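Here's a structure for you.
Letters A, B, C and D mark the chains as written, and numbering starts fresh at 1 in each.
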Amino acid sequence: MSVERDHLVELRREFHRHPEPAWREFWTTARIVSELDRIGVDERHVGRDALSNDRLAVPDPEELEPWMERAREAGADPEILGSLSGGWTGAVAVIERGEGPTVGLRVDIDGLPQRESSDDDHAPAREGFRSETGAMHACGHDAHATIGLGVLESVAESDFSGTFKVFFQPAEEVIGGGKPMAESRHLDDVEYLFALHVGLDHPTGEIAAGIDDFLAITQFYTTFEGHPGHAGARPEEGRNAVQAMATAVSNLYSIERHSEGESRVNAGRVGGGTATNIVPQEAFVHGEVRGETTEIRDYTFRRAEQVFEGAAVSHDCETDVTIEGEAPSAESDAELVDIVRSAAKSHPDVDRASRRGSIGGSEDATFLMRRVQENGGLATYACIGTDHPGGHHTATFDVDEDSLKPGVDVLTEAVLETAETEP
Amino acid sequence: MSVERDHLVELRREFHRHPEPAWREFWTTARIVSELDRIGVDERHVGRDALSNDRLAVPDPEELEPWMERAREAGADPEILGSLSGGWTGAVAVIERGEGPTVGLRVDIDGLPQRESSDDDHAPAREGFRSETGAMHACGHDAHATIGLGVLESVAESDFSGTFKVFFQPAEEVIGGGKPMAESRHLDDVEYLFALHVGLDHPTGEIAAGIDDFLAITQFYTTFEGHPGHAGARPEEGRNAVQAMATAVSNLYSIERHSEGESRVNAGRVGGGTATNIVPQEAFVHGEVRGETTEIRDYTFRRAEQVFEGAAVSHDCETDVTIEGEAPSAESDAELVDIVRSAAKSHPDVDRASRRGSIGGSEDATFLMRRVQENGGLATYACIGTDHPGGHHTATFDVDEDSLKPGVDVLTEAVLETAETEP
Amino acid sequence: MSVERDHLVELRREFHRHPEPAWREFWTTARIVSELDRIGVDERHVGRDALSNDRLAVPDPEELEPWMERAREAGADPEILGSLSGGWTGAVAVIERGEGPTVGLRVDIDGLPQRESSDDDHAPAREGFRSETGAMHACGHDAHATIGLGVLESVAESDFSGTFKVFFQPAEEVIGGGKPMAESRHLDDVEYLFALHVGLDHPTGEIAAGIDDFLAITQFYTTFEGHPGHAGARPEEGRNAVQAMATAVSNLYSIERHSEGESRVNAGRVGGGTATNIVPQEAFVHGEVRGETTEIRDYTFRRAEQVFEGAAVSHDCETDVTIEGEAPSAESDAELVDIVRSAAKSHPDVDRASRRGSIGGSEDATFLMRRVQENGGLATYACIGTDHPGGHHTATFDVDEDSLKPGVDVLTEAVLETAETEP
Amino acid sequence: MSVERDHLVELRREFHRHPEPAWREFWTTARIVSELDRIGVDERHVGRDALSNDRLAVPDPEELEPWMERAREAGADPEILGSLSGGWTGAVAVIERGEGPTVGLRVDIDGLPQRESSDDDHAPAREGFRSETGAMHACGHDAHATIGLGVLESVAESDFSGTFKVFFQPAEEVIGGGKPMAESRHLDDVEYLFALHVGLDHPTGEIAAGIDDFLAITQFYTTFEGHPGHAGARPEEGRNAVQAMATAVSNLYSIERHSEGESRVNAGRVGGGTATNIVPQEAFVHGEVRGETTEIRDYTFRRAEQVFEGAAVSHDCETDVTIEGEAPSAESDAELVDIVRSAAKSHPDVDRASRRGSIGGSEDATFLMRRVQENGGLATYACIGTDHPGGHHTATFDVDEDSLKPGVDVLTEAVLETAETEP
């Protein structure tokens, strides 16, 4: 295969220095586009052209602006940036090579609002490519973007026959970008879809060809609005939003378990009130529910809505629930899992190629997977093992750069294989 | 005064042997009526004729029937019993003596569903007039009925000029009889109303001429109805009435305090469910709210209704609230308090006559007091002190029979005095 | 096979007429023993001889006595009854036939505290074998006892070589009898153990050869003890046991889900308090926790104990938790499942023989299964399909008597097969 | 009286332009001291010399520093500022005029962390003396400091005989300064103590000579510490601090009412957790309890501590409670109330002089009042009516400057009167 390890490492380190949180991937998208131009693609769709209007969890303009400014200062192409204005980040690249299947690869590109370790034990710090933005690539999406570009270039230079698309998806960490990318028209003709993640406790040299156990998820932001009152002089004038919130939290966790599979609830961040002597007027719960199936998630969320409503009624408050992000459950298709596994087993740097791996979380790649499957296509979500010293989402997370090239190779091989197996 | 101590003691012991709970005072009413006939009154109104239709907390017919039967067997007049059928107990007696004010006296006559002590230390047990019904006169209403009859006879034999009515009110213990007796037409022309209680920690020889701090009260019976489900196999099919009840109880006690005065809440009796492995379908809260004023009580009850509704919504259940009994707050009028106090001070057996006394509870005599006051009349609620070895509502409660005659005398004197003070 | 369908039907109807709840199976045990004597067994162990001392959920003597009396009146053998005194019910039957494996069969024999339908649609009512005791065989344990006796007789009359034991276990419905029977010495040498249930939504003609998904369970009875107080006059003197209970219920259901498998909680029956105007002194929660594994159950129960303790501390009450019944999780062994399935497939009246079936509940047969497995033996829990018009534990439950003989045949064949496969 | 209205107005406007929150009254104290020097006092005690070590609710040094810096830049005397370092604000002024009683006057001097209105309707904005600090004198303590200085100057220039002390107390808004000022030695010989507040809905021209209904208060900051866990992958590893907090809030409000008087609870500000997908590790409740008497407050706080402990136990967390501020209840003494009322009635600008007024809140002047009363002295808390367009603690609060001079006059007269009434 033609893509060099060194190029991949260099690219990944660039992305690593410029992590940008969800919907703020301005520099990142611009850098991807410049790479697409270098590689030479038949089509590229950027920003609004890559997404439907159904974006979730988009921040307010004033939160976006400093990141746009920063991307500009860091040297991103102003024309590309212009097309990303308003948080319309992400891109779709297409190469067309005649007859054959339409194959897709989805990678996510956003960073996390987390400070990166400056410790000498942490390779990016020691070797000078630590984050320059205050955010951090603490989940390996720098590697994902790199692998996406690497596979694109490899397929472009191969004798692949068919159409190949790479989906550079923004805002995975807030499960906000999967839905609009799935609903863009670019996915509609995809017959085979690959998605990937690095790490997840699989070491370098191991590839898990398919992952199934994604939990469907809904993230919500619920507010309670009451009325203030002086806690000493006029408690009865208050309608207590903090009491409503506390009642909601207690009842949220007590939603009945579902006999058909796992469910989860979490009131991950809550708050309310302003001063000890004022009956609190406002409170919120920022949380999530999950389910082993989309149906169980829906059941749990429906019950959560009753819980919020009931808590508000109990304390004479108003409540409002906003869905911030969501993703369905999904399963990998056996045929495609087998193709990835075969490709992995034949690679000299892969020691272990398993059929199934575990992630135990949620992912909005599931929106794309289900869309392809609903259209009669096949999808799989593969894990490219990589040694990572710190856990995902921690300040010392890092990837083993030796895993980049095998990742590119195996996925390229799998893409080529789909063209062979086309009936 | 003409009524003998011995007659009062004998009468009180008769009542004591035949305690009957709320709306089951069949023997008691019949015995009162026979005494009215002996004394000779100008009118007597029994059962339906003594009450409006707005009775509260009336038991089911099957709970009434055995008590009716028992009263018959214990020798009550069958004709009188006939007019009490369906739990229409209680009576109003009227004597008319020409020109003068219309004066009322209200006494309550029901017993409590409580077993009486059979200990030798307990005078009724030792001296052979312990309860024969399984219920108990544990709050002194046997003495109240006796004093009511005693005052009636004394006034009848005096030179009183005016109209005098005694209200033998049923069902005070469930605060169910005050409202229909207040709303009967018999109270409408009453200008001066006396109500009374014995004991309340005031010793024999002390009379408190007026009591003010009655808490307004509403007693409720709230049900929650959900849906059963197997707790192991299908928890999500259940809609959990016990969870709804628990949420309601927690929030009930947390209703905001009111800055204008005391409030109270109590979930005095709760229950729900049938088996450990069934998601509970039904639950209930039998409780009460009180307020220093009727408005505070109303505020608290309105909030309680929201709490029940909210708890039901939270757990996808239905709820239903029944008001079982209620009574407003009330204050004694200073002029009438002074009349009772003067009468008390001049009685040789009264050591201490105070203006105010404390009861710290609720009473449905307040319905009658407020009705009279709304019509421009005056009312007071007096306490006739009596040594009582056990506390009210306990198995060893008893009254000091030496307090009966002074009670009759003082109230008779106060009744006569109102005729004198008529403008 | 030698046992006649008619005999099985007759026997089942006899058991059906005499249902006795847990630890009160006096008539039932005596009838089983009389049948053992008719069949002729090598050993029979009754009552105390069949159980260890570790019985769970045994009722008070006054609850046992009327059932013993009733069994006597219904004609049970007084000598046998004597050995069951104190609720030591159940029996173990042993037949020895020389060299070969020791094989066990466990059946449970108790009824439920439930009134049986008297509707003409309900066969036992229509055909004259409806319950005569007030309790009901609403879960098919009458069929279980019958099949146990049928297999015993069939094996006894066969050319089986080895030792065969039938465990007639009491008190399954309160998960109280499994533990002491597992801990009796009779199970220690068993190499192959079969357990069975009829119905569970499997129709007549279907046999599920192994069931795995038993949830481990702990049933508890938790009390809260506070202090009474007059709700109007002295609320602060009360320490409110109902508030503690309500807090506990809310928090019980909100115990965190476990990522390694299903868990369950249920406050199936709760209550507290005595009167609307008394701060409640006492309250209770009668409930259960379950887990997909014994470890998850233990985790959940440990958290439940914290919840009870915390609720008591919050409301200044005392709490006490009694474990009433418990059972671990268990899995059927594939080898034994296969033996039952083979036997089922070759039976002319069996249409469908599946490897796995679902029960979705808990069972204390798991105590016996695990004991055998811990000793190196194999166990399976089979389901004998039977059409049942009403659901388990309902007033119209009934079994299809056509399923009795195939059940006996298949299990007998499986028992004989184990002797063949002995290494 | 010698102090001019114009001087008072000017002084008040200066204070108004420099509001400083609790323990940050650096400019304010320095300005007071410079005024003391102008007036000429016999003793002045500043900072550490004016307080015991028992300061409550003192902010961290980094919060103090910018305010110290600001005071320096605004021209405060550096030497005085030096003695206030570390938040040792406030002062006591003493004038000695021979034989006679020791009389005290307590005024508070801190502002509130609130933005002031810049609307033209708001006099300080229109007339150019709006806050320059970001904080605001939204409760009239600028007028209090002014009146304190005015009375001091008036008494100094009168023929008063005795000792007069003015207590310029810091940190009333966080009820943090009353205790250490009460416990300084300066109060020990005070025989008559006056405290005052302006406004409280009493209009200009009205003076309420004594206020009684202060609620005793305790403000607390309670933390819950659990353990994080991934809400999807490992919920059981989390120990949920937000659940503990929610349980605490529900139970806090449900603490039993007390029959001997009013109580209050408020969880005025709460929060916890960091992200939707993390089981929250930390949470807090910033709140308060109050009581009509100190005993009721103590009862309620003791129960609150049980509630926190129980909530922590229920959710396997740790809890820690810090008392941030507190104040007892207090009553004004009738003799001193009468002196203020006489002084008020004889003033030409006072239309209405009432004996009692209502505040319906809490105040840490009560620490000083009780200290004096415990030493056998007398105390009263007077309200100087002033028209105020906005409510206390709102952005449009302002005082009517016409009320300053009458306030100074009446209190000076009352101080002089105490010397007359000395036995």
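Here is the rule we use: a residue touches a chain if its C-beta (ideal position, glycine included) is under 8 Å from a C-beta of that chain, and two chains touch if they have at least 3 such contacts.
Here the structure is a predicted model, which is why all the values come from computation and not from measurement.
Visitor: Using direct touches as single steps, what is the fewest number of steps from chain A over to chain C?
Guide: When the steps are counted carefully, the minimum from chain A to chain C is 1.
Visitor: If you tally contacting C-beta pairs, which comes out ahead, C-D or B-D? Let me know.
Guide: Top pair by contacting C-beta pairs is C-D.
Visitor: Quick check for the class: compute each chain's Cα centroid; which one is farthest from the centroid of chain A?
Guide: It is B.
Visitor: Just the number, please: Cα centre separation of chain C and chain D in whole Å.
Guide: Those two chain centres are 69 Å apart.
Visitor: Please tell me the distance, in whole Å, between the geometric centres of chain B and chain C computed from their C-alpha atoms.
Guide: Here the centre of chain C sits 52 Å away from the centre of chain B.
Visitor: With chain centres taken as the means of their Cα atoms, state the distance from chain B to chain D in Å.
Guide: It comes to 49 Å between the two C-alpha centres.
Visitor: Which chain C residues sit where two or more other chains touch them?
Guide: Those would be 233-235, 240, 243, 247, 250-251, 253-254, 256-257, 259, 264, 279, 360.
Visitor: Touch graph of the chains shown: is it line, ring, star, complete or other?
Guide: Looks like everything touches everything, fully connected.
Visitor: Touching residues of chain D toward chain C in the complex: what are they?
Guide: So the residues of chain D touching chain C come out as 233-236, 238, 240, 243, 247, 250-251, 254, 256-260, 279, 299, 303, 306-307, 309-316.
Visitor: So in the complex, which bits of chain C are touching chain A?
Guide: 250-254, 256-257, 259, 262-264, 360
Visitor: Can you name the residues of chain A that touch chain D in the complex?
Guide: 215, 217, 219, 230-235, 240, 242-243, 245-247, 249-250, 253, 264, 266-280, 283, 286-288, 290, 324, 360-362
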